[in-house]
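Take a look at these structures.
Next come two complexes built around subunit A: one with subunit B, the other with subunit C.
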Partner chain A sequence: MKNSKLLILITAMVFIFLIGPFIMIFLTSFSSDAIMRFPPKGFTMSWYAKALNIQMFRTTFWVSLQTGLLATATAMLLGVPVAYANIRFNYRGKGTLELLFSSPAIVPGMVIGFALLRFFVYVSNIPIVIGLYLGHTAILFPYTVRVVSASLRNFEGDIEQAAISLGSTPLHAFFAVVLPNIRSGLVAAFILAFITSFNNVPVSLFLTGPGVATLPIQMLSYMEYYYDPTISALSSIIIVLTVIVVQSAEKLLGISKYV
Partner chain B sequence: MAFIELKDIDAGYEKGKPILKNFHLSVEQGELVSLLGPSGCGKTTTLRTIAGFIMAEKGSVTIGGKDYTNVPPNKRNIGLVFQNYALFPHLSVFDNVAYGLRRRKVSKPEIAKRVADVLHLVSLKGFEDRLPAQLSGGQRQRVALARSIVIEPELLLLDEPLSNLDAKLRDEMRAELSRLQHQLGITMIYVTHDQIEAMSLSSRIIVMNEGLIEQSGPPEDIYEYPATPFVARFVGFDNRIDGTLTRLESKSVHVDVQGVEFISTRPSPNLSKQDEGKSVSLYFRPDDTQIGVEPGKNAFEVTIDFSNYQGNTTQYAMHLGSHALRAVVPGKPIADGTDRTVFSIPPDKVIAEKGVR
Partner chain C sequence: MSLKPKTKALTMLLGAGCLFLLAYFLLPLLFVLYESFLGTDGNLTVSRYLAVLQDNQFQNVYLRTLKMAVIVTVIAVFTAYPTAYLMMKIKSSHKAILMSLVILPLMTSPVARTYAWIVILGRYGIVNQTLSLFGLTREPVRMLYTEGAIVVGLLQLFLPIMVLNLVSALENVPSEVEEAALSLGSSKIGTFFRVIVPLSFDGLIMGVTLVFTGCITAYVTPAILGGAKVLTLATLMRQQALVLMNWEAATVIAVVMILTTLILHTVLKRFRPRNQT
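Let's look at the complex of A and B:
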């Protein structure tokens, strides 16, 4: 009994620690106070209206959305074949290559951002939007490889061989038999990668520039000048949207086992 | 030329490390051949080489007179049944079975007819719309079977198809496979490590060990006249006693084992007159032994290590010098207060084979 009480206490503390900040942000977003302060005073929806009306937030939201979708799609197109090759085949230097593929998830974002800045802006002189897209693709790639690999590992190779023995070419077997059965893994990879891109600060910080920013970068620079609950309101919107997307994907496909 | 011919095959999963070395196999049309052996003996490698999933590094594969050595697996028209069924989880029973027909561009009405026929054949009518997850293990294996025979393959390969089923279902499916084979007359190669399964199904058994064929023959021959020490042990000749060959006659062999004369009426064809004076091994089954008899020919005094009462029978672990022996005899354990007893083996139950060392 004592043990279970202690367990409940620890669990509760972890939950408070994890969810507390969100609740704080959520509550302050309705505060009629002009600066972020806890506990909040009064009630207003005006910060939401303001957040949605600031043109820079709208513009950068679209930049984030487009960058996220494009980079995720590209990372998926690269990640699925790489994951497939790594699961199905043995080749020389496989371990080294696997390590290399996962390096963007291990190396600190600041380092990657700086390295990409040097490469894209100083060396290659690539337009900012393209650099941003390529940078995001690079950091998302290991996520797609890892999640797709996990779902491929659960899929028996015999099923594919059965398809081939019945007359499918290996390529046809991949599309007809493998892909439909790793669908939830693909969706999980896509969502995880997209959220990673949408939330990314360190890499975006280096790769954004005059006239081009992502939403998190814009929020950061807004906070340097204003300390009103607009950011709380915007954060709450993003949190709610994320929860809705992840929850519905979980309900429909049970993606949590792959992440 | 046989229907299936593997010649001088070197094949394996890693290049330069073949599991099958210089391997030969021939199977006649309509035969049901079992490849029997412990895991790692190369039986599955053989199957995959025939199916085309392993391309031989050396040698040739011929099926029905055509050279298949370099034909990819999707162009071989060979049915494959896997241990874990390998059904397509996202497709219904109907679509699973129809898969191969659709790849062959068979017309829709024809597909409907052939799928219905084959589902009838495996007693799965009415299950068309189920998903594999909604079926029992036995039903899944019947779908897998239907899926592989509906394409009218030249040859059906089965890789331990019954080992995931429980004992009762296994018996049922074995009978069903037997029936299908008679009904369709299709050539089957059946991989298993289960002796009983191989015995009851096959017209011929090929016992494999370490990438080589140890013995090939009808089930009775394998069971009664194992040709090598490996096969002997594999089919249950668990006991081995070493001795010296004193006299070889046409139908019997005399062996001296620590001063006791042993007669076997089943000398191996490998033995010849030149082996007289050399070492031989005698093999016999635990359940062919007798215990508590008078000393004499083919009888030994042995030490009982322990006995284990099993209801109908009693199992004894004994030793004779350095040889551990097992006996399974009817009735209760003998209780005469000593651990010594006389143990004997009828001459027609002992196989004499060249010495192991």
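Let's look at the complex of A and C:
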């Protein structure tokens, strides 16, 4: 059983490596030391109070939330029909279109943001926030197509056929039969896409500027100037929220099979 | 089970998505490509490319980015394979717990995850404190703002992706195949390399593609752990555009970044036995 011992050792190290940093953030977020030091000294909640009271974090949290919700909703509206068409129909040029629909996931996010900035903000003078929304929608699009396609593949098309042969129009059958049956896939797609948008930095990097920033961008620029546990506290809050959302989504929808 | 193709239905289903991507994704990208060939006099030229590609700093940064991506990918393969393999062997309830521990980092803000390494590798971080506790070092070792710090950060960022790809590839390897090889006299190690790895090769290449290209385009990790001291392609592009206001150079770097990613995707795809996604 020599092999298994080595296997267990490597696996244990991998998980310590993956999870350890989170524990580190939690520990330092309660430290009463203003410098990040290990082991942390004392206990205070004041970094949490500070993080929640910094106006820029509050403002950018709302920008991130709104951008995430709007971009996810748009990407779902665009992506669900595409996923449906690709699962149900065969047509000429399908391969090319599938490549187009997946390409925002291949092109680096930084370049997408950069291109939107150069083209829209400088050439057509549109507000930078619109660029932010468009950029996020573009990267979430392939995500929604992929997740919704996966759940459509598991859905038996027979019920839909039955509805149509019993006199339902295809459009009505889509709304009354298909959508309710892939509900959990739709919710999973929404949650995954929203989290992707909320955490995104590369696309937002060039589409934020004076007055407009997302929370991760704001955290990055705070870190350039301050070296205290405020970011630990803020990160802890975000991590706990993520754990709650992901774990409940996993329990209810089995989200891990869509990741 | 495909229905008869209906042009009208397809136009309705695909039209909005196509238009969106053409207008807000392809068009801006083509514009940047066009701009990268634009000279000061309005004619098309390759002078911007020559200026960037001949620049010593750019060459160093590009090679450094590739080098770090190779290191991270290799370490990820050698640690993720045993992990994914063990996850297939244990009870499914235990596997579910480990799966959620793999997915958790993937879903968490990269800024928060990378920030943790400042705490760990910093002057007064756990590594330096441990070293001095055992009397191994007299002064704190500078670990932040080094290539090593970026490699560690990138590895933590992308290891879950490699594990997930290998787990789903190994799920498709029937356990009977492995048992058959073992009962026919193959050693455990031999079975692993000659049976398991070839049968999960598709997932391996997929994982390598995602991790490698991810490392090359990652911004957050080199920005936090490398800063302006150790630039990578992504942080160099941002510096050129937003700090030095050298948009010409940034445009060229953007094109280089896309080309590198596309070439990697195409080359690695050739290694995949079945072209499925």
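Assume the second predicted complex is superposed on the first by the 259 of 259 C-alpha atoms of A that agree within 3 Å, B and C clash if a C-alpha of one lies under 4 Å from a C-alpha of the other, contacts with A are read in each partner's own complex, and residues count from 1 in each chain.
Keep in mind that, in the parts below, a contact is a pair of C-beta atoms (placed from the backbone, for glycine too) under 8 Å apart; a residue touches a chain by one contact, two chains touch by 3 or more.
Predicted model, so just to flag it, every value in this text is computed and none were measured.
Q: Superpose on subunit A as described above, then tell me if subunit B and subunit C fit or clash.
A: After superposition on subunit A, which the two structures share, subunit B sits beside subunit C with no clash.
Q: Return first, second, both or neither, reflecting whether A:Ile159 touches subunit B, subunit C, both chains, or no partner chain.
A: The answer is first: A:Ile159 touches subunit B but not subunit C.
Q: I'd like to know which partner A:Gly167 touches here: subunit B for first, subunit C for second, both or neither.
A: First partner only, subunit B.
Q: Spot which of subunit B and subunit C makes contact with more residues of subunit A, would you?
A: Looking at subunit B versus subunit C, the one contacting more residues of subunit A is C.
Q: State whether A:Glu250 touches subunit B only (first), subunit C only (second), both chains, or neither.
A: Touch status of A:Glu250: second partner only.
Q: At the CA centre of subunit A, how far apart in angle are the CA centres of subunit B and subunit C, to the nearest 10 degrees?
A: 90
Q: Quick check on the superposed pair: does A:Met36 touch subunit B, subunit C, both, or neither? Answer first, second, both or neither.
A: Only subunit C; A:Met36 stays clear of subunit B.
Q: So, A:Leu116: does it touch subunit B (first), subunit C (second), both, or neither?
A: After superposing on A, A:Leu116 lies in contact with subunit C but is clear of subunit B.
Q: Per the contact definition in the header, classify A:Gln66: touching subunit B only (first), subunit C only (second), both, or neither.
A: A:Gln66 sits against neither subunit B nor subunit C.
Q: Could you say whether A:Thr44 touches subunit B, subunit C, both of them, or neither, answering first, second, both or neither?
A: A:Thr44 sits against neither subunit B nor subunit C.
Q: Under the stated touch criterion, which partner chain does A:Pro180 make contact with: subunit B (first), subunit C (second), both, or neither?
A: first
Q: Quote the smallest CA-to-CA distance from subunit B to subunit C in the superposed model, rounded to whole Å.
A: Value for subunit B versus subunit C, nearest C-alpha atoms: 6 Å.
Q: Residues on subunit A in contact with subunit B in one complex and with subunit C in the other?
A: On subunit A, the overlap between the subunit B and subunit C contacts is residues 170.
Q: For the complex, which residues does subunit A have touching subunit B?
A: 156, 158-159, 161-170, 172, 177, 180-181
Q: Touching subunit A in the complex: which residues of subunit B?
A: 51, 53, 73-80, 82-84, 86-90, 99-100, 103-104, 144, 147-148, 151
Q: Where on subunit A is subunit C touching in the complex?
A: 3-4, 6-8, 10-11, 13-15, 17-22, 24-25, 28, 35-39, 77-79, 81-82, 84-85, 88-91, 97, 100-104, 106-112, 114-116, 118-120, 123, 134-135, 137-138, 141, 157, 170, 195, 198-199, 201-202, 205-206, 216, 219-220, 223, 231-232, 234-235, 238-239, 242-243, 246-247, 250, 255-256, 259
Q: Tell me, which parts of subunit C touch subunit A in their complex?
A: Those residues of subunit C that touch subunit A are 1-3, 5-6, 9-10, 12-14, 16-18, 20-21, 24-29, 31-32, 35, 79-80, 82-83, 85-87, 98-113, 115-120, 122, 124-126, 129, 155-156, 159-160, 163-164, 188-189, 213, 217, 219-220, 223-224, 234, 237-238, 241-242, 247, 250-251, 254, 257-258, 261-262, 265, 277.
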